[in-house]
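In this document, chain identifiers A, B, C and D correspond to the written order of the chains, with residue numbering beginning at 1 in each.
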């Protein structure tokens, strides 16, 4: 088995730049809100979360990141984002986007704290990142499709909360998913990794393999060429130096 | 007559943040291209151009600005954008967006220089910013609607150029125009300016008036309140100081 | 009299890009703090404030803007900054930079709310933007020059507050002021405006004149040329169109 | 042996945010140039290069990245930077910063192509990233210390090139190195890793160990706390889900 999802040419690109753009795209198509000036809460600062946080900021939003991993939380803080717990974020967010791969990142305790008009969506994983059962249980009124892909939930006291795409991946629900021009890399890596496995038939053991470096580099070089970008190659002297570090002080 | 289009609450906001977001939105809906890594040429660095350049950069594009005004060109350069003539930009751009208010910003001499696969659209003014007559005259083949809102023009030699929305405003053609949450300001200003004119019936001369400062401020204060933002007020002492500058060294 | 300070080639550039960079420079030299992840409060969102807010964000800070003008406050919000009153900001800021041109922007009521370790500086105007008299009156202990250009004030209860450059312009106090490569524009404009006045001796009335557009454009064109940037010129047809708008729909 | 330099709490932070800020700081102190509008060439897009590229852009520079690794080159492109070979960059750069860990990244063939007035510095490794021998050999005139830390080399034909800090790490030469508030993390990790080694005396084999995850997390949590940031903790249910993925569709 080859761990194609862990390939650099996959997660560094399609997860980050693909999810970044297509999530914003799905949200705008579903809601037509102006992102500039909005408080956007991004739950999770993995590759997907990094992509979405960066693009939301790029559209003029004031981005808040929540995390459970302290190192990622620090990265988010030093990238200039506000970092806080979901309980704090729940009170101030205009738009929430979950990208954690875990369940109930927005749970009942957070739903209670939301502002009137808050918008919830998921771009990470199954329809479980937002606790939909709690939301339905709490709601005194549910209006389906107040806009395409938008359901309105009225909570006790009259607060109205909007759920996009029934909590499923918003970029697939309301937009076209990732652009072809980033999926090409993921698919090329998968195809070439399969070819590599076929060529090495009989030589591989029953274990998880990484995508070979030469496959990754080849995909990256083809992509660069398609973008008209030329890069440097190491000279012999530079290669030798990298394995010695014998000069300079 | 009141120059509502010159109101700060109009051009600083709907032209910049509205056009910025909705232009990107229209382009993504029409093409589904990944903006990250693309060379995006923004023609014109007025409020609309500033908005689009900023949002395109925010989506990971490498932005090039063209201008005829030297002061705006310098601003673009110091905002970190590549600034060049359209002749130079024509050779390297992947996507062109015109926002100048003038005609033939992309003319025959530029069309000849485009790369295979270049995408052209307009978000500034009438369907005249791109010289469509020249494009049609030069084309050896035209395919309408290769995607919704996308026409493909094949030029002599085989280069294929894509024109979005027939050269009309791409945010209106392929997306929903500006979000309501920024048009509210423009419309409020227009309504209140009309009210002001009605109240001053008989006192106004036949000339062009600016929107009164108090109308603009009121709209801006209402908008801030709707966003939950509180700002400071000048103290008496601070107001007095501003008209004297009598203390401090 | 010619209002050289209002020239575009002055305030759009030296106020914004010059102050932006040199203020950050002065603060880093004085304090050697890491800006990434810090809450930086920028008081005032005029050209100087815009420059500093943009550069502080560019260094990874989480920027908060305070304003008294509702339109500027909205601009800051839609540029993605947190906007709040100084009373709110005082409680959360790590570093405060005043650029308002007014007095006591950080007054006694705000000083009381500061966090332990907060850093205060001014890059706008005289040593009056921060209420230094209040700070001195409140302090139970003052340590001068704990680092060069840094004085430590201990407030009742033990909170220690750092004042940079005695509240005077931090870019002049702790750094070299604006870089020559932006002051060149301001000085060229001033010199050429004087030349213009001399040439028009006898023809000018006793009033305040704007810098003539041709002087501004000439300075901007020279600057662009020195940066190796070529821009477009309007064709005859384009110039004619701009005064007619007779084609297109 | 423990590979402390590979710790996340080291390279993700001090290499990126520390080098990012201190390199810009060193360059500004040495040269007092305005970065806004300058073409800044960053050689190497590892953690140090990423930090410097991001901060240079944040100061308004137009950033060009050179790389030998195709995956990093693609990342830089999709982060919106211009990516090209050093031969191409040499012709257009105003300022060059090497952060590669290799030798002669700017070699004789590149030195020949530089623009008059180009500035060279290194922030990566020993004084070998720029080929100083070639530079000295080519120079028809050398002026030491035309400003502090700046030497001017006149090349045949009259082009004048500026070398900062004799090609040694510019952040250490001309500024104060990394701010204490990011080195604290690196030093804490090193101290705690040593403590961990001491506590496990006798149980470790002669090999290279990674810094234990619990040490890294503890350092990151302390740092977050010092910044006043609270983050979420996984609930029992969330932890269980992460090892099962048994719900949701």
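Note that in this section a residue touches a chain if its C-beta (ideal position, glycine included) is under 8 Å from a C-beta of that chain, and two chains touch if they have at least 3 such contacts.
Here the structure is a predicted model, which is why all the values come from computation and not from measurement.
**Student:** Report which of B-D and A-B is connected by more C-beta pairs in contact.
**Tutor:** Spelling it out, more C-beta pairs touch across A-B than across the other pair.
**Student:** Please tell me the distance, in whole Å, between the geometric centres of chain B and chain C computed from their C-alpha atoms.
**Tutor:** Taking the average C-alpha coordinate of chain B and of chain C, the gap between them is 26 Å.
**Student:** Based only on mean CA positions, could you tell me how far chain A sits from chain B in angstrom?
**Tutor:** Distance between chain centres, rounded to whole Å: 29 Å.
**Student:** Per the centroid of Cα atoms for each chain, what is the distance between chain B and chain D, given in Å?
**Tutor:** 36
**Student:** Which positions in chain A are in touch with at least two other chains?
**Tutor:** Counting only residues that touch two or more other chains, chain A contributes 17, 34, 36-37, 57, 60, 74, 77-78, 227.
**Student:** If each chain is a node and each touching pair an edge, is that a line, ring, star, complete or other?
**Tutor:** Shape = complete; every chain linked to every other.
**Student:** Spell out the part of chain A that touches chain C in their complex, as residue ranges.
**Tutor:** 34, 36-37, 57, 60-63, 74, 77-82
**Student:** Residues of chain B touching chain C in their complex?
**Tutor:** 8-9, 12-13, 16-17, 66-68, 70-71, 73-75, 77-78, 83-86, 88, 101-105, 125-128, 216-217, 220-221, 223-224, 227, 229-235, 237-238, 241-242, 247-249
**Student:** What residues on chain C touch chain D, complex-wise?
**Tutor:** It comes out as residues 17-18, 20-21, 24-25, 28-29, 32-37, 54-55, 57-60, 115, 176, 178-182, 227-228.
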